[in-house]
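Shared chain: chain A. Partners: chain B in the first complex, chain C in the second.
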Partner chain A sequence: MWHASAPRTSGMVGLSLGEKHFIQGGIAHDLRCDGRKRLTYRRISVETGVIPHANGSAQVRIGGTDVIASIKAELGKPSLLQPDKGKVSIYIDCSSTAEPAFEGRGGNELAAELSIALQRCLLGGKSGAGAGIDLSSLIVVEGKICWDLYIDGLVVSSDGNLLDALGAAIKAALCNTGIPRVQVAAGTSNDEQPEVDVSDEEFLQFDTSGVPVIVTLTKVGRHYIVDATSEEESQMSSAVSISVNRQGHICGMTKRGGVGLDPSIILDMISVAQHVSAQLINKLDSEIASAEAEEET
Partner chain B sequence: MRGIQLPLSQTQKVRLQKALEKLESISSKVNSAASVIIADSIPVNHEDGVLKGHGTIDLNGEVVATICGVVERVNKLVYVRALRSRYKPEVGDIVIGRVVEVAQKRWRLDINFNQDAVLMLSSMNMPDGVQRRRTALDELNMRCIFEENDVVCAEVRGFQHDGLHLQARSRKYGKLNRGQLLKVPPYLVKRQKQHFHHLEEFGIDLILGCNGFIWVGEHIEAKDDMVEDQVSQSDPQVLLPNKNCLSLEEQEKNYTILETRKYICRAANAVRVLSMLGFNITLEIIKGIIDLSISMNLDIHEMLGSDFCVLVAEKEVERRSSNKKKR
Partner chain C sequence: MGIVEGKESIERCGGNGMVFEKIHLRMEYVSPEGLRLDGRRPMEMRQIRAEIGAVSKADGSAIFEMGNTKVIAAVYGPREVQNRSQISNHALVRCEYSMANFSTGDRMRKSKGDRRSTEISLVIRQTMEASILTHLLPRSQIDIYVQVLQADGGTRSACINAATLALADAGIPMRDLVTSCSAGYLNSTPLLDLNYVEDSAGGPDVTLGILPKLDKVTLLQMDSKLPIDILENVMQLAIEGCKAIANYIREILLENTKQLEYRRGV
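Presenting the complex of A and B:
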């Protein structure tokens, strides 16, 4: 895909009044600029195993948005407060190839915002309860050894809807992740660190059925849309990101944009997100399955 | 597969490959000798003397290409015209640009060239259509004509000492409203007799900028502005851009009607399909794709799907081979 880079518009999409008007009108008429309806996604494609060194990785493209997620597992010590749980951290990086404005520290703000939103949507509370990833499955020896998962996301090219794409990429990467089986040497006393033997042949698959997908509803004018392009995002008044799991339960929610929303609209959005997420999960599952099949051949 | 990014099923892949191969066999015989890739040596006659131009390097007495492209020769000069590059302006080209800056007596426009183009206040027709010297008042009111980020259509006037100049000395040039701007690789838009198109059956305007910016929008009649604009001219206040003063309801009444919007999106998606496949973009082909999609009763969004793309590629093979037979 080819992107014309506008050198001096400094990142933000510059749109003329006429174009803005056209985009808003399209959303009001339920016919967006590329012919989509308000609740239609762009084409999603998933590729897994893109980073050979990582335990699991995936690249997700939604239209012109292109993100990579990689998962690295390291043996570490569980924290004192939760001795029976592993640790997961999410870190997002915005590459300056995505937008010239991300160069240097320009992308940090957005990266931090995305990291926090993803942590809220995927990791649950401080205690780790209610997380999409089952943290207790990461424990090797209680109180002594656990797996630390480092989830890194990279925004390669940005055309709106980054959060959903990153959420999908992390989900796909988790499906792709194999954690080495660990043999704990028997007969160590309680207070010393047990010796472990990490297998490089046997891998355990994750249970990813609980990992939610994120659906961002962007409000433009009176209506809200899914999968906004960056042009459409520039017209938004506010955006609500809702992460929904397979059962249709809400796992997390974040809101961007300053304009206030009526609570009834938010409830409306939630029911729409539930509906949309069911389709998205199915779509993603089939994409991930075919990507995994492709990788094996 | 020319780096086309499409999720294709196996049969689609075979079909697309076949279509592309056919296209290659139709076209490539003529100038395959002239195209080079990096590190190809370019045959030159050293006795006449050679001037090495852009994209060439002297390596052990041989002229070697440093970019992929087509070898061009002008007298002694040998250079390589890159296949993929930014737009290279030529005098008389019709381009579409976005205003980057409003400066003294001029606008700076991004036209996908490696520098911004300049449109002087003096090289465009005033909205009132009167030929006169531009006064200081005109200069102050420049933002009423074009603001930052406005999409403007103009013609390339030529290189002056301070860069590339544009002009807009006709009513067909000027600000573009009510539509969408698409960006495609500039090499897909070839220079033609006509770049402004009014698709009457759909009620839309299509402007193919030589710089790869393509405008698809609602048709606007090139109006006889002498009558109504003089009213607004009498009162400079009216000229001021009146944004944000309309309420949401009023705005919604002004939106492009759905019927026209459907055709705009259809035409825009036709351009997107062509750009994805890397085919030349002309009015004839765009019309063909629009008609094809309508006859198939396809949803506008489905035009971007891989199935339709493969179909377009096959249609293009048919079209080109039939064109060839006619010749």
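Presenting the complex of A and C:
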């Protein structure tokens, strides 16, 4: 469902010619198989704090797609090139429960593709500039100690639009993350490694206002749709994933699929993504807020 | 928390010569009041919760929780055998067990197919195979995938229970439900359903799987040593645990069937 051209080796029954025409025709008429319009999302539900021993976690369900993101913070050393920034790494795993084709090493390729796409969309360039996550807020002692954030994603059930779901889950998990307050022992000289005292009671909330959401526009025929199901993804010619923050700025972009796109269409897609993302951010924010409220009670 | 309690008890009985025994056991797993580290009684199980239909695309799926242990099982099949050389007159049952990176306390990146996972996959496969009526499904294959989301002891048992529910949800013919539960023996007390701390104490740990209606044992594993007469008690305790789980699973299945019936408007 990720690569339109790749042969499907899993047990899922392939689509007949009639079904393919039905999907394509529905999209052309702005009425998709499940009754949605081209730019409508499926139902999104968010649950936070699903993994108690992580610093933050969230489970996001979009229709039949179900993903979990967990965040662990560990103290580490900043890299020599960026002494004033913390480190964030994203790893995605595709569980074989989602699809029999992910058995053994079968899911590794998709997992790697998703990890790279998420890194590009959330972490910005190699230097950490333009990252959706403010890396300088992760620094404890410049050049000496910083927080390393390990973001682990798991695809539990897949029915298309994995990237958007993972992006939303990571955003929700970051909102749920508490990073322990660190006391640095004063009076250590410059070349020594300072001693730290990690509090297990006081937690700092992470600033997540800049974390973007990812909107994937999947092109089927002459039109493009948001939140494609796996059947719809199997009919795509190409897809563009655009990550947009609250201000409407583009934070990252990936294009997949073999067919070329007209540059004017890409610009058109970007403006649509900006419009859709504003709604998505509001929807996610209210879902996250209610999930957090539910967790506290 | 538990370790602190253990230390306190060493100090408390430090004066009366019992100190040796306590240090030997390192930790007190059952308090003098008869409570375990997490506040349970020795013969008490952790809270169990099950849910059917967690994975929309699978033919059958379930979530099973035992305290903080949480697993998802998905069943695909019966379907055509993927590897043609494995076609036979019986259904081919396959199983894969995997642990999420975030399932344990320390974050680790494990590749699939390490020794422990392979062994557990095998155990689950054999246990489930014993209850599936494979001769009714010739030339077909059934895949069982179990994913551990949180590990807090007893993942084997939780996986088997989840797999049973998922197989039942997929409508695969079975002799009986298979349910599993573990029991151990610490501080001269048989304990039901060990959690991670109790499991890593290094004492005997009996994992049992039974067919509750047929009253047959299909899985039995034990680490460490145990006198035979005590093993009998511990096993009996585990059997009681399995039966309690079987009752719960039956309730969940019945509830699910009622829901399906209701939705069809029967």
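As a working rule, the second predicted complex is superposed on the first by the 285 of 297 C-alpha atoms of A that agree within 3 Å, B and C clash if a C-alpha of one lies under 4 Å from a C-alpha of the other, contacts with A are read in each partner's own complex, and residues count from 1 in each chain.
Methods note: a contact is a pair of C-beta atoms (placed from the backbone, for glycine too) under 8 Å apart; a residue touches a chain by one contact, two chains touch by 3 or more.
This structure is a prediction, so every number in the text was calculated from the model and none was measured.
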Which of chain B and chain C A:177 touches, first, second, both or neither: neither
Which superposed partner A:277 touches (first chain B, second chain C, both, neither): neither
First, second, both or neither for A:241, with chain B first and chain C second: neither
First (chain B), second (chain C), both or neither touched by A:18: first
Which of chain B and chain C A:95 touches, first, second, both or neither: second
Which of chain B and chain C A:26 touches, first, second, both or neither: first
Touched partner set for A:159, first chain B, second chain C, both or neither: second
Chain A - residues contacting chain B, complex: 1-4, 6-9, 14-19, 21-26, 28-29, 31-37, 40, 43, 45, 61, 221-222
Chain C contact footprint on chain A (complex, rising order): 11-12, 50-54, 57, 63-64, 66, 68, 70, 72, 74, 91, 93, 95-100, 103-105, 150, 152, 154, 156-159, 230
Complex contact set, residues of chain B against chain A: 5, 7, 98, 100-101, 110, 112, 116, 147-151, 175-181, 183-185, 212-213, 217, 241, 243, 248, 251-252, 254-256, 258, 261-262, 265-266, 268-269, 272, 275-276, 299-301, 303-305
Chain C - residues contacting chain A, complex: 54-58, 61, 68, 72-74, 76-77, 79-80, 82, 96, 98, 100-102, 105, 107, 109, 112-113, 143, 145-147, 149-150
